[in-house]
Amino acid sequence: MEGFPVLLITLLSPVLAALILTFIPRDENKLIKCIAAVGTFISMALSLYVYFAYDKSLGGLQFVMQVPWIKDLGVTFFLGVDGISLPMLLLTNLIGFSAVFASWNVDHRPKDFFILLLLLIAGVMGTFIAQDLFIFLLFYEVVVIPIYILVIIWGSTKRVTKEYAGMKLTIYLLIGSGFLLVGVIALFMKTTAIAGVPDMSFTGLAEAGRRLGAFDQKWLFALMLFGFGSLLSMWPFHSWSPDGYAGAPTAVSMIHAGVLKKIGGYGLIRIALFVLPVGAKFWAPLIAVLGVCGVAYAAMAALAQKDLKYIVGYSSVSHMGYVLLAIGSMSVIGLNGAVANMFAHGVMAALFFSMIGFIYEKTHTRWIPDMGGLARQTPRLAAGFMLAAMASLGLPGLVSFIPEFTIFVASFKVYGGLAVIAIAGIIITALYVLRAGANTLFGPPRHEYDHLKDIHGPELVPLAVLGTALVVGGLLPFLLFDMVNSGIVPLMAQINGALQMVGGVF
Amino acid sequence: MVDFAMQHAWLVPLLPALAFVVIVFLTKPWQKLSALVAVAGIVGAFVFAALAAYGVFTHPEFTEGSLVYGVRWLSMPGLHINVGIMLDPTSAMMIFMVSLVSSLIFIYATGYMKGDPGFSVFFSYVSLFAASMLLLVLSSNLLEMFVGWELVGLCSYLLIGFYTHKISAREAAKKAFVTCRIADFGLLLGMLSLQIVFGTLDLPELAQKIAHFHQYTSAGVLTLIAVLVFLGPIGKSGQFPLHVWLPDAMEGPTPVSALIHAATMVVAGVYLVGRMLFLFSEIPSAMELVAITGAFTALFAATIAITQREIKRILAYSTVSQLGYMMLALGVGSLSASMFHMWTHAFFKALMFMGAGSVLTALHHKADVWEMGGLVKKMPITAWTFVVGGLAIAGIPPFAGFWSKDEILATALNSHHYVLFAMGAFTAFLTAFYMWRLIFLAFFGEENPANHPVESPWNMTVPLIILAALATVGGWVGTPWDNVWSQWIFFGEVEHAAPNYGVMIGSVILALAGIYLAYQLYYVDREKVKAKALAERYHGIYTLLFNKYYIDEIYLWFNHAIVDGSAKLFYLFDIYVVDGIIVNGLGAFTRLSGEGLRITETGRLQNYALVFFLGVLIIAVALAFSSPSAAGLLLGGVK
Amino acid sequence: MDNSIWMVAAFYLLSAVIIVSALLVVFLKNIVHSVLWLAVCFIALAGLFLTLDADFLAAVQVLVYAGAVCIMVVFGIMLIQRGDMGKTNLFNSQTGVAAGVVALVLVVSGYLSAATHWVGTAAPVPHKTVEHIATLLLSKYVIPFEVAALLLLVALVGAIILAKEVKAKC
Amino acid sequence: MLTLSVGLTQYMVLSAILFGIGLFGVLSKKNAIAVLICIELMLNAVNINLLAFNKFVTPTQFIGQIFAIFVITVAAAEVGVGLAIIIAIYRNKLSVNLDEFDWLKW
């Protein structure tokens, strides 16, 4: 496989499928879905291959592909993966593949839907394998447009209209990326001035960026923190998350909560932390405080919800709080936990949203008081829902426990009492997740749902794929952690090196 | 074979886990097959456990050390977690006891659950439960133990809520999970602190490091850690004040009550404290805390049990009370007494729960003991085995409970905890009283004509008989005269306490007094006049006890008023302040300023032209008068 | 032509005619009258062009502006205006502001052109302007010339299409 | 001191005045045709400038004159198309009063 552009094919497979779809007549419903499934399956299989073929002992960037693009700006089309981006790549494709099956019952303009969905998946994937800041931003912007269209056409109107949800989602993303862009341009100008030659690759930026003065690093990092933070639904920039997920169609909620959000965390670690360690050190306590606020606040807000999607929406804000807290700890263990928790939350949230999607599709409601006793009528759906719920509350043996544990270790060590508040979040999480599960699935069955068909056939794929990931990741955590660790350790070593160089500043 | 079992003790939890997987993915549609798979799994585990235990108890070197082996689970700089097996006399005893009781309960359940639509599901859950419990017991690492700990919590949740259509079951399940979760929060904090302070969660390694804890931390921090760790057992073993979930957990099917809430899961807390005794024993105040909590819980739950009417609830409070005894034993420093009581308790409490299940099946789930009566004639096996259980729990020699309870009381006295000893002794009296109240009311006296009980089938009675036999002889391994038990299972020094005849005779007298009182009130007095009169006379106390000291109500109020109230507040804050004022406010500001500026957009060409020329003018003037070069640019470079 | 007194007199006279007629174009209330004064203005401009040694341009000015454009505008008015012709050319509501802006434009541009020192040459304009222009247009500026021709064609086609009656069903 | 010689400046001032008058008309007339003819005035003002530059700055290169020819060409085209548009508008709205049109506002 030497020289074979695996990453490029992984990236292009959904795009190619989308291209093929444009030539398919719009009423070929089954064919459209099959092509979309094949496109995402190829990506998933390849990313699994890459995940296991990656040489962890060697570390660093592998499967690299580099094509110079814009010389004057130092932009290269630079793809590559390491221990941080690989879990994210795998996550994207697991969720992408499942999302296609979770939307198996989309019958309203399916062709347009799947083309946009495939483009969305490709865009998200691109952000994780790009090793060049320009390419990263490019893919990031590619993502925004399909999201908007998908929400306003295929979304659902509940507490807020789908148009409002779509607007809110998009505008938030754009505001975030606006600030980010300012930061990136300023960073680029300053690093170019330092290095002499323009270089947009992460490593190039990092080398010059670390030589920036403390003041520059601080304000640049603040801009990036705001940009990535609002993408990660950092408190108090989180309010797009519940509304957006509630309005979005199932597949978009899955991808958005599952991976798109993680671009924020990934960027924060990969770019902000990596390039501007001194700034990161300065803002770390703030990140941690905001993270804890997010954990507690969103968990409490989730407790008051009656709409299933709102619960998961708030819960994802809460879980991202853990990621922020971990990033704020600025330690190997914490960052390991942050990346792993992003993976874990991605799988869990995607499973959650796909199950809620099916429930909504079948019962035409997401309003918890209108439901009850579904476990009798749709046991497999209930099993999937409970699996996701258990992962959400961090049940050991499922993928999210160990990441949370590592985050707690790291943050408890650094922040002590602050971390205790975040850890207490697990109680509230248990409360709202169990309440939602209990009131939806258990209790006396309702006769109006007696005719419901349990999930079957293609509808089982999300449960199978994501459920497997949940359990395997939980029982064999080293599969995930060895990978993440191989990426985090060199990163942290470089950061610490840079911090020691400027030592005395703090 | 024995060596193989010891070297591959991980097979013990694995077999039931495999049974779970097989049932869920393959045999679920075939009920009989599923039951067979589950029983095969647990019996296989029992065989392995028995072999491993045999191996342990025939190698004297195990009194000093233990067999530990494991594999890497995850590692990163600063955090290494190995999962593995730690086989020593305590865990060997536990896996033997757990798999034995589980096997019996599984067989019993094939009869009890017959005809239930969720038959296969039930067996998958209990298999998972057994697997998790065995994992917990065998763990060599605290984190691994926590995995098992939480998984048994999950299974308990699923099984309590097994009758999903019942709202009470659903609520009870939730309550159990959340209550344990609160406790686990403490345990998790404790574990984190241990990891941070000592850099490991490996039990043997921790034991070594904590013995020299002064190198790592101060006694104050260690006390805090011990208290945090102890929170976990308080929840899981139903100690005051987190005992509230245990009685409600009786909503599950009766085999579940027997399995989880009597014999196995609830003792996990006690087991954890036993495992971590090296931590607690370093901190005298922590030990006191454990002892006091245990003694208080024992007494507290016993008082509630006196007034309860539902058969399984009485047993549940009795369980809470007995768990208190075990804690008390740990608190006064005797691992062997505690584990011994756990061992005997598993047999007689499982027996009584299964007896209660047998009664409930016969009476079509009519649970009020006051509506039973005279069942001994129609259900002799159930009744007499239950009586054996009653004798055992009351502490009548030579039944199992006598020896273990006696040892706890003696240890408490020997360690000069006189108040705790008195509490324990009084609890013994209360235990005998309420248990025999139950027996007299349910099995003796006049038959209730509304009931038409029939004796249960063989697969329910055979386990009862086996357990009755065990409840009789199970305590003989630990008699004060020839205490094999404490030669193997002990902490610190082997205890050679001489038989304390005073305590023995005293406790027997107390037990007999309790039984006699129950006999007078509920058997001799056919109309129960005296009992009712007593309840009338002490109406206040009676209501307080009957309503379980209103603790549930307090929690409910707290949950609804405080937690839900503040949740509502947070949510309203979110939609009205964060979303309403800030986010939508920004949006509205943008829109309003647009509306304002819209006036200038007349849509009329000439207005635009006017402004355009004004702009041109301003730019021209600015350029012309600002810099010569700009002026030059404007004027064609001819200036 | 030299800087003789006739030259100066011609300039000021023509200037006066141009300005007055332009003012009348703007201020008269009858649009037809405005167009007539526009023609006067154009012819005076042609005269002014003569003083600038642009005889060809003067001819073109008369032909194109005074002839074609004015006629076209009159035709346009005929097609459009109905009723009282005395109120066809009124001011709108922003006249005052417009006057202010225009005054400012005048002041600024007047000041700028007065304040600028122009580097002129004393060389005269060659006499045979038409020949020079013809040579230049067909050699150096042939491409703009062709483009202009094309532009006129496009404008012709466009004008026809725009002005053509649109059928109800289209 | 006022001299009676005519130079570039005088032409430019004249051009400015004519341009101003045209601009004033463009900005303040209601009738679309009036606006159109005022635009012609402005174009002619430009032409004066071009020719004046031609004479006083680059007399031998004829740039100004050629430019003026193009201006006239474009102006002719503009008048044609402009009138056609006005007629089309009139046909739809039965009015050429610019005050009634605010179609730039959507």
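Should a chain be cited, it is by its letter among A, B, C and D, assigned in written order, with residues numbered from 1 in that chain.
Basically, a residue touches a chain if its C-beta (ideal position, glycine included) is under 8 Å from a C-beta of that chain, and two chains touch if they have at least 3 such contacts.
By chain, UniProt protein names: A = NADH dehydrogenase; B = NADH-quinone oxidoreductase subunit L; C = NADH-quinone oxidoreductase subunit J.
Since we're looking at a predicted model, the values are computed, not measured.
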Middle chain, criterion being Cα centroid separation: A
Comparison of C-D and B-D (more C-beta pairs in contact): C-D
Centroid spacing, where centroids are CA-atom means, of chain A (NADH dehydrogenase) and chain D in whole angstrom: 61
Gap in Å, rounded to a whole number, between the CA centres of chain D and chain B: 93
Centroid distance [mean C-alpha coordinates] between chain D and chain C, Å: 6
Chain centre separation (chain A (NADH dehydrogenase), chain C; CA means) in Å: 66
In chain A (NADH dehydrogenase), residues with contacts to at least two other chains: none
Shared-contact residues (touching 2 or more other chains) in chain D: 23, 27-28, 57, 98-99
Chain C, residues touching no fewer than two other chains: 92, 94, 98, 101, 105, 118-119
Set of all touching chain pairs, with the criterion as stated earlier: A-B, B-C, B-D, C-D
Of all residues in chain C, those that touch chain B in their complex: 92, 94, 97-98, 101, 104-105, 108, 112, 116-119
Complex contact set, residues of chain A (NADH dehydrogenase) against chain B: 168, 171, 236, 238-240, 243, 297, 300-305, 331-333, 336, 373, 375-376, 390, 393, 395-397, 401-402, 405-406, 408-409, 412-413, 420, 423-424, 426-427, 430-431, 434-435, 438, 441-445, 477-478, 481-482, 485, 488-489
Chain C-facing residues of chain B, complex: 606-607, 610, 613-614, 617, 620-621, 624, 635, 638-639
In the complex with chain D, residue positions of chain B that touch it: 601-606, 608-610, 613, 638
Contacting residues of chain B [partner chain A (NADH dehydrogenase), same complex]: 72-79, 143, 146-147, 149-151, 154, 157, 161, 164-167, 169-171, 173-174, 177-178, 181-182, 184-185, 188-189, 192-193, 195-196, 563-564, 566-568, 570-574, 578-579, 582-583, 587
